[in-house]
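What follows is subunit A paired twice: with subunit B in the first complex and subunit C in the second.
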Partner chain A sequence: MQDLLAVEELRVAYGSAEAPLEAVRGVTLALAAGECVGVVGESASGKTQLCLATMGLLGRGARVSGRVRFAGEDLVGMPLRRLNQLRGARLAMVFQDPQTALTPHLRIGTQMAEVLVVHRGAGWSAARAAALAMLGRVGIEDPGWCLERYPHELSGGMRQRVLIGACLLSEPQLLVADEPTTALDVTVQAQVLELLARMRRESGMAILLVSHDLAVVAGLADRIAVMYAGRIVELAATARLLSGPRHPYSAALLQCVPDIRGPIPVRLPTLPGQPPAIGERAGGCPFAPRCERREARCLVETPPLTADDEGGAHACHRPLPARAGRP
Partner chain B sequence: MSTLRFLIARLSSAVPTLLCIVTITFFLIRFAPGGPFDQEQALPADVAANLNAAYGLDRPIVDQYLRYLHGLLHGDFGPSFRYRDFTVTELIDQGLPVSFTLGGIALLIAVIAGVGVGTLAAVGRGGMADRTVLGLAVLGVAVPSFVLLPALGLLFGVELHWLPVAGWNPGRVDDMVLPVVTLALPPLAYIARLQRGSMSEALQSPYVRTAFAKGLPLRTVVLRHALRPALIPVVSYLAPAGAMVMTGSLVVETIAGLPGIGRYLVQGALNRDYTLVLGMVIVYSTLLIALGLVADLLIAALDPRVSLEA
Partner chain C sequence: MTAPLLEARSLRVEYRSGGLGAKSRRIALEDVSLQIAPGETLGLVGESGCGKSTLARALLRLLPVAAGELRFRGEDWLAPRGRTLRERRRHLQIVFQDPISSVDPRMTIAASLEEPLRAFEPALGARERRARIAAMLDRVGLAADAMRRYPHEFSGGQCQRICVARAMLPRPALLVCDEPVSSLDVSIQGQIVNLLADLQRDTGMAMLFISHNLAVVRQLSHRILVMRHGRILESATREELFAAPRHPYTRELLAAVPVLPRVGGPPSAMLGP
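The block that comes next holds the complex of A and B.
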């Protein structure tokens, strides 16, 4: 079966050609139709750049190489005209901060309806009627009221629902969600994740769900990719990753997630140290300075992403043993 | 606050502002040396005394001030001291339409062209339009109107014979072209630069990224999503731009020999034509206050988050 989204050897660099700052350093990742893949990593791990590349939204300063195939078509270097036919229609994106992601001077109805007007050639009134129905589907209590509001009159959770609704209007095959819950408070986070799960069940779309928080991704994703310093360091089915991470970084991330069934920890363990800054990534394993399993060759040889026998892959010279459970 | 209540509040607060301006101007110009009847040869003492008495200048200054205010309340700006047969009201009535037309058109051109060019420059950063804006900005800021108008006159009037160099025939459009262009250019340059900056910023904003993510064509993104927020700095600049045009008109009307009110302010000040200067100051202040008010109304219309507050 052909993948819906196939990212191949994607590289995104900024800065000059002599001293490039590579934000994404060779990412390969595929999504089947209807699948949900989670991407987890700290800030500056390249996950947002990956999302933007998937939408053809990288700024002028970005130099992109590799391929981002969507339904067989490469988005890298695609003419804007064709790109605009795809995004908003067949692939859509939800952003981190619903506070700023809506245009302040346009009514909610306009911002939702315009998607159908531009992609389906719908009339404004028909498009607004569809927006009204969608607001109900995404759990807005009074859709008619909401349609006429300006963004600043809504709460953060409502705005994120509106944005998700705007994305779903055109029934996309792929939804890219970059930290869709980070800016929201905890109860609303759960509601928005629930909404995404329900919308996925109803529409059968694929989701690329990106978060710094493994717990956010774990509930929804079929597979999880862990990113570190611009690379995927581990890729595995969600259950496998949670029960037996192979890469030391994945294991460390898991330790930072509180277990809701257990007693409330006094202090959540946090991962000591900082990921390397974009400019100072030398050879060797980028995680080495923070890694407890580091050995001599970790400092000189960058571990390649290698497939394991459980259908996953990891990039580590001394991976944790398979099925080790939580370390 | 409703728009009407805002308007009433602002208009009533304009009255004390104007009163302050009138008071300060009244006393300032009185303390300047010389008087309206000074000539190269001193007037005989009795003639001067008669003149002063006729115009009330022999009274105590506070008394004069109160009499002037009393006149103002009845729409009377007083007689001109130099244009002997005219009242200041008559002079303004004759000149204001000319100045208002020239300045209004110039301001309109400056805003529309400035916003247009600035937007194009921001969208096509580094391209043709962008370089034009930068060139224009340098030209508009560096070349004063007393150089620009003669230079344009030399080129389009003397060399090419396309347009008259100076003069004024009511209703003749080509008389207006060079003065209007000269008046419009400095604020146009400034507005273009403002718009370029604010539009570039708007195009970087998260909501514009959302709009691009929706697959909207560039034109729709710029016009529907980015333009209104980008206009706010330009609208805030409306009153200063108006002041720029007014200052320009002092020079341009004098050089081009236009019968507007611009020349009265300078001449009035030089001649110690007290009432004329005061009249001009009142006219200009009122226009600036009105422009500021229009700007506030426009900003509230542009941004639903802004509520009108006096």
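The block that comes next holds the complex of A and C.
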């Protein structure tokens, strides 16, 4: 089957050519039509940069290499006109910060309806009716009231739902969702995730779902990519990643997810240290300073992403044993 | 029961959107009553837009209260204005959700951290201020050289430590944390939560901890309030709330927490060979 999205050896760098600050350092990832791939990883691991590259939305300061093919067309270097045709109609993105993604001086109804008017050639009154219905679907309790508001009059959670609704209006083939539920409480989060799952079932929309919350991603994604310091360090089917992570960082992330059904621990589990800053990514394994499995070679040789025999891949010199092989 | 540190009775807060008259008024908080005892952590959960941040701001006198009573250490906390209000604010500090936008990018960390000390303890000399800042940075787990650096040189988690340091410097009696970990990496969230727990134990301050992360609220809180539509629906000890939630919405909230299917128990990650 042809991939809907194929990211190949994507690199995104800022700064000067002599001292590049590499946000994404060689990411290869494919999504089939209708598939949901989750991307998890710490802040600044390059998740948002990956999303922006997938939308052709990186700023002028970014140096991009590699390929991002959407339905066969390469978005890297694509003329803006063509990009704009794809965006909004077939490709849509929900941003982490809904504040910046909504136009401050336009009423919600106007900005949502605009999507359909511009991309689908709909009339204004039909578009407003569709916007009203969509606000209900994303769990806004008083859609009529909401339609007349300006963005600053809504809470963070409401703004995020409005934004998701605006994206879904044009029924894109691929939705890139960057931390779509981070600003939401759990009941609304559950509603939004259910809505995404339904859109997937009903319209075959593929989703690239980015979150730092493994539990959020786990409920929706077929496969999960774990990113660390600009690279994918592990990629596997969701069940396999959760039950038998091979990369020590994936395993540590899993341990850090508190279990609300269990007894209250004295202290929350943590992973000591912090990810390397963007300028401090020297050679060797970027996780080495925080890794208890580290050996001498980890400090000098960067482990490549290697396919394992369970259909996944990991980038580690001393991976945890495959689940089947464990006592 | 010990006298409450902060007490709210039937608070009401309204937002006006443009025009005059009742139609343009929107009630953000209605009949909210609560007490926070010295040294206590009160958790606050509820759906997006239910008024959690509004409540936090009202308690800190950062927005106008339309009706109700507010008492801090037994005194009328709605009365102070101007200079008195600014001086009293030192006792009630806040840490926000987004650490990076909460610190001035053009100022060194030292300059940012000096601000509250200059404002609230003007009698302190430059050397004493530096000493207090150095000790606080150490307390929140940052190296002393952080003072000379700028916010962009720090990760989100480190920035949140800086915000915690800034809020703690005036030695508040109440620290309000409005979603302090929700923008942080999971591997870092626990570090900040554990830090807040330690600071509270060491200083005896009270905390109002707002989060939609129920696991984190459960970890820190003695009591928990559940809000919806600007009202408090349920108030319970954390043990009661998690074992026997009374309000249907609380039950809905608990049921909506996404859980990891822990196939065969959590893996032992960091074990050696």
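By our rule, the second predicted complex is superposed on the first by the 313 of 327 C-alpha atoms of A that agree within 3 Å, B and C clash if a C-alpha of one lies under 4 Å from a C-alpha of the other, contacts with A are read in each partner's own complex, and residues count from 1 in each chain.
Everything that follows uses one rule, which is that contacts are C-beta pairs under 8 Å (C-beta built on N, C-alpha and C of every residue); 3 or more make two chains touch, one makes a residue touch a chain.
Just so we're clear, the structure is a prediction, and the values are computed from it rather than from any experiment.
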*Between subunit B and subunit C, positioned on subunit A by superposition, is the outcome a clash or a fit?*
fit
*Of the two partner chains, subunit B (first) and subunit C (second), which one does A:L175 touch, if any: first, second, both, or neither?*
neither
_With both complexes overlaid on chain A, does A:A239 touch subunit B (first), subunit C (second), both or neither?_
second
*asked:* According to the stated criteria, A:C256 is in contact with first (subunit B), second (subunit C), both, or neither; which is it?
replied: second
_Between subunit B and subunit C, more extensive residue contact with subunit A_ = C
*Using the superposition on chain A described above, determine whether A:M199 touches subunit B (first), subunit C (second), both, or neither.*
neither
*asked:* Looking at A:A131 after the superposition, I want to know if it touches subunit B, subunit C, both of them or none. Which is it: first, second, both, neither?
replied: neither
*Classify the contacts of A:A218 with the two partner chains as first (subunit B alone), second (subunit C alone), both, or neither.*
second
*Least CA distance subunit B-subunit C after superposition, rounded to whole Å?*
5
_So subunit A touches subunit B in one structure and subunit C in the other; where do those two contact lists coincide?_
none
_Going by the contact rule set out above, which residues of subunit C touch subunit A in the complex?_
15, 17, 45-50, 53, 153, 155-158, 182-191, 193-194, 197, 212, 214-216, 218-219, 238, 242, 252-254, 256-264, 266-273
*Taking the complex as given, what residues does subunit B use to touch subunit A?*
125, 205-218, 220, 224-225, 228-229, 302-305
*Partner subunit B, residues of subunit A touching it in the complex*: 55, 57, 60, 80, 83-89, 92-93, 95, 97, 100-106, 114-115, 118-119, 150, 152, 163, 166
*Sort out for me which residues of subunit A touch subunit C in the complex.*
41-44, 149, 153-158, 160, 182-190, 193, 212-216, 218-219, 239, 242-245, 248, 251-261, 264-265, 267-272, 274-275, 277, 292-293, 320, 323
